[in-house]
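Multiple structures are listed underneath, in structure tokens.
The two complexes that follow have chain A in common; it is paired with chain B in the first and with chain C in the second.
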Partner chain A sequence: MKLGMWKAYIHVIRLAFIFTLKQAMTDAFVLFGIFVQPLIIAIMALFVLGDQGDEIAIFIVVGSGLTGLWDSVLFQSGSSITRERWTGTLEALVGMPTPLGVIVFGKNLAFVTQALSSMVVSYALASIIFGYPLHVESPVLFILSIIMTVISLVCLGLVLATLFVLNPDVQRWQNGLEFPVFILAGFLFPIAILPQWTTPFSYMLAPYWAAVALHISSSTNPGILEVGLPWIMMGLLSVAYLVIAFWLFKKMLFKARVDATLSGQ
Partner chain B sequence: MNTIEVRDLRRIYKTTVGVVRRKIKEVVAVDGITFDVNRGELFGLLGPNGAGKTTMIKMLTTLLIPTDGTAKILGYDVVDQANEIRSRIGFIFGGERGLYWRLSGIDNLRYFASLYHVDPEVTMKRIPQLLELVGLSDRGEEKVEGYSRGMKQRLHIARTLLHDPEILFLDEPTMGLDPVGGREIRQVIRNLQSEMKTILLTTHYMFEADVLCERVAVIDLGRIVALDTPEALKQVVSDLSVIEIEVYGVPEEIVNQIRNLPFVDTVSVEDMDQKQMLLVHSEMGSEAVPSLLPSLESVRVGKVTVREPTLEDAYVRLVGGKV
Partner chain C sequence: MSKVIANIRLFFQGAVLSYIALFHWLRPSQYIATKVVGPLAQILFFTLMGKFGTSGESADFYIIGNAIQITALSGIFGVTFSLAGDRWNGTLPYLFGTPANRMTMFLGRAVIHIIDGMFGVLIGFTWGVTLLGLDLSNTDPLALLLVIAVTTFSTSGLGLLLGSLSLITRNVMFINNTAYFVLLVLSGSNIAIDRLPSALQAVSNVLPLTRGIASARAIINGATFRDVRPAMLEEIGIGMIYITFGYVLFRWIEVLAKRRGTLEAM
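Showing the complex of A and B:
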């Protein structure tokens, strides 16, 4: 692909990011999922686990922030194509020279970035209202873990978005996918307490490795090798998600052109 | 080479009927259509609702895959070379959808320009020009949700011109607009025509096709029933006069009774608020009026006028009185 085309795609991702954020900031459903729900989870967790010491507070802050991130991937990124169909913009997007996957990548990046702010809200809640002395043990590794988290969740969002369009029956289970991932990814407690047969499912989820990387870099002072494993896993899963998403996008667009389902009317 | 070449194009929709025993039902939307559009021509597809106009335009804009036949845009096949076509065409579908309502008009245009790979510097110069062209210069900063239907439609037209396409597909661009809004859109289309853009316009407004199009294909039930210039199409009814009769609550039996009179060619009814307009086509002209009125004895009758036929009358005759 020519360099000019890459430049054009980066420009599309940038504008899709900016304009999606602009729109999402005025959506009450989005604001509830990203700010209010993690806040409720953080308050409950702080009341239940808060007496176990100051160290647990940062674990709760990161964990409840991760719930907001997953909600964003599941509901916002997962519905990013369906929503375009409802608003009648999908036909316009498909009929343009930019591949739909590039546009959805920019949109998903905005959703995940916006959801990161739920972690900031939980942090402020724990330190200001509950008075916990919060500090991130390894800030550099924590920021790098956040970057890896964002990339892997954006790629996972591409898979969900196409899957939900290709199979509306799967989308009906969208709500049902929320809490199992909270549990399987170990957002608020370690997966070691779950039955052993669930572990492979956790390993296939980027949110699990995101939780591992963010928890150890915020609560402990890990070596680069220790945090390296979740980063590598997030990288590998991102590539796998991208390959699956590329195939699903092709299949979805062809099917939509055959079945006449782009307009949603 | 023609700009648009359509050969025996067919499109069948499959849908399921029934709850327990589900059956697949096939609906033929476009049934073997063939036509060409020349470079710089404004070509109209005219037909009643459900005739297959939108299906046709969606296949030509690469958004639907034909069931059979071929269509080429600038020599590129709509199925296999969709990406080559997409950067060279612009399209709008009638209605208010297809814009981001929570963004301003300018933001919408910036976003869509990036999707067409228009250079950001060119975009910044072109947006004010396009807003000027469609008469939205003073409203560009406002969110689209506050726009009227006509303004949204004009923003759609600006959107479709961002990448300066060679061909424009306009699907019912004046649908649902008030007379002033419709006139403004037609003026924009005329301006585009003067810039030698190739335009394919679908409409079910006959006068619109008459004043804008160089050639018109009349479609009914997925087939072309006539294709010619508006003037030539009017010749189809040159032997007829049109008798317009205002009536209040005319029952279907009376319309059928008039339809069966030997000197009547076609009859159509247009609803107009409290009343209806009965349009009777007849070779007898004003002489037919005394013979028609006895059939309307039981109905309140208003003004009766006799006039020369228009393209609309030709259309009514071609599609068999379905309006």
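Showing the complex of A and C:
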């Protein structure tokens, strides 16, 4: 691919990112997902887990923030193409010379980045309201883990967005997928307390590896090898999600052009 | 006499039709995801978090609390969407244009959701017994069923109030979801009420579900319905207050909308 093309794609991603960010800030449901719900989950977790001592607070901040991130991926990134269909702008986007995947990538990047603020909200709650002394043990590793988390969740969002458009029956499970991932990804308790047969499902989820990386870098001083495994897994899963998303995008656009069903089923 | 029969007919027909209309968009797969799998996941999440924590509550505390709280899915979301649906689908002007009894029409929106909400709670308890070992051997099933019915009624009362609000706000999903999660924190489903700050305990006291959850826990631990009757009477009273507020708001919106010609405006 030519350099000019890459530049054009980055420009589109940037614009889609900025526009989505602005638009999402006016959507009360988005604000609920990234501010209110993580805050309420953090409050409950502080009551339920808070007796374990001050060191659990940063675990709760990160864990409840991750619930906001997953909600954003599931409900916002997952619906990023469906929403264009509802508003009648999908045909125009598909007709543009820029691949639809590039635009959706920019949108999903905005949703996931914006959802990071749920951690800030939880941090403020635990620190100001509940008075816990909070500090991130390994700030550099934590920031790198956040970057890997964002990349992997954006890629996962691309899979969900296409899957939901291709199969509305899957999208109808959207509400039912919220808490299972909270559980399988070990956001607020270790997956060791789950039955062993569930472990492979956790390993297939980028949110699980994101939780591992963020929890160990915020609560402990891990070696680079220790935090390296979740980073590698997030990298590998991102590639796998991208391959699946690429295939699903191709399938979706082919189906839409053959069946002329872009705006309907 | 014929007026009474017409109102009864309107009540039941409105209830059934609003429920069918809801399933115009709520497909069976979505129903299973939301009402069968979702509650299981919610119960599991909070029970597992409770097991990991050391707050001293038993697993049963979370199972019972969340199983009862699931009634809010129908009571809050179902009832609200029944009212809000008229606005989204453009049928609100026709609704306000009919000479039909408003109270009958208003209450009819909630009745099937009360039955559905009770069914949802029973699904929650089924998960609790079969997967998490909830012991119901000391439970009077009829008393528990009555507690579930009363609690679902009072929660639907809050749903009717929120449903009326949905006629004047664009952010119905924000209001619904916030109400649902506030109930998770303040109703005693996951945090014992006496652990909350006193200001929040006061809020908890005026919410539906609070007494229902406490009564369900008592019944499952061997109490009789007579023991929880005062709490249940209060729960009914709270439900009635929410219904009254909701109805007054509903009528006020109608009057205002007709006067200003802003039936579907913000």
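The rule is simple: the second predicted complex is superposed on the first by the 263 of 265 C-alpha atoms of A that agree within 3 Å, B and C clash if a C-alpha of one lies under 4 Å from a C-alpha of the other, contacts with A are read in each partner's own complex, and residues count from 1 in each chain.
The rule we apply is simple: a contact is a pair of C-beta atoms (placed from the backbone, for glycine too) under 8 Å apart; a residue touches a chain by one contact, two chains touch by 3 or more.
Keep in mind it's a predicted model, so treat the numbers as computed, not measured.
Novice: Check chain A with both chain B and chain C modelled on it and let me know: fit or clash.
Specialist: fit
Novice: Report for A:189: first if it touches chain B alone, second if chain C alone, otherwise both or neither.
Specialist: It touches chain C, and chain B stays clear.
Novice: Of the two partner chains, chain B (first) and chain C (second), which one does A:87 touch, if any: first, second, both, or neither?
Specialist: first
Novice: So, does A:260 touch the first partner chain B, the second partner chain C, both, or neither?
Specialist: first
Novice: Which partner does A:200 reach: the first (chain B), the second (chain C), both, or neither?
Specialist: neither
Novice: For A:49, select first, second, both or neither according to whether it touches chain B, chain C, the two together, or no partner.
Specialist: A:49: touches chain C, not chain B.
Novice: Using only CA atoms and the superposition described at the top, report the least gap between chain B and chain C in Å.
Specialist: Superposed model gives a least chain B-chain C C-alpha distance of 13 Å.
Novice: In the superposed view, which residues of chain A touch chain B and also chain C?
Specialist: none
Novice: Write out the stretch or stretches of chain C touching chain A in their complex.
Specialist: Within the complex, chain C contacts chain A at residues 27, 29-30, 32-34, 37-38, 41-42, 44-46, 48-57, 170-171, 173-174, 177-178, 181-182, 184-185, 190-191, 195.
Novice: For the complex, which residues does chain B have touching chain A?
Specialist: The touching residues are 13-14, 58, 61-65, 83, 86-87, 89, 91, 93, 95, 97-103, 107, 110-112, 114-117, 120, 159.
Novice: Spell out the part of chain A that touches chain B in their complex, as residue ranges.
Specialist: Checking each residue of chain A against chain B gives 5, 8, 11-12, 15-16, 19, 22-23, 26, 87-89, 91-98, 103, 254, 257-260, 262-263.
Novice: In their shared complex, at which residues does chain A touch chain C?
Specialist: Spelled out, the residues of chain A in touch with chain C are 28-29, 31-32, 36-37, 40-41, 43-45, 47-52, 169, 172-180, 182-183, 188-190, 193-194.
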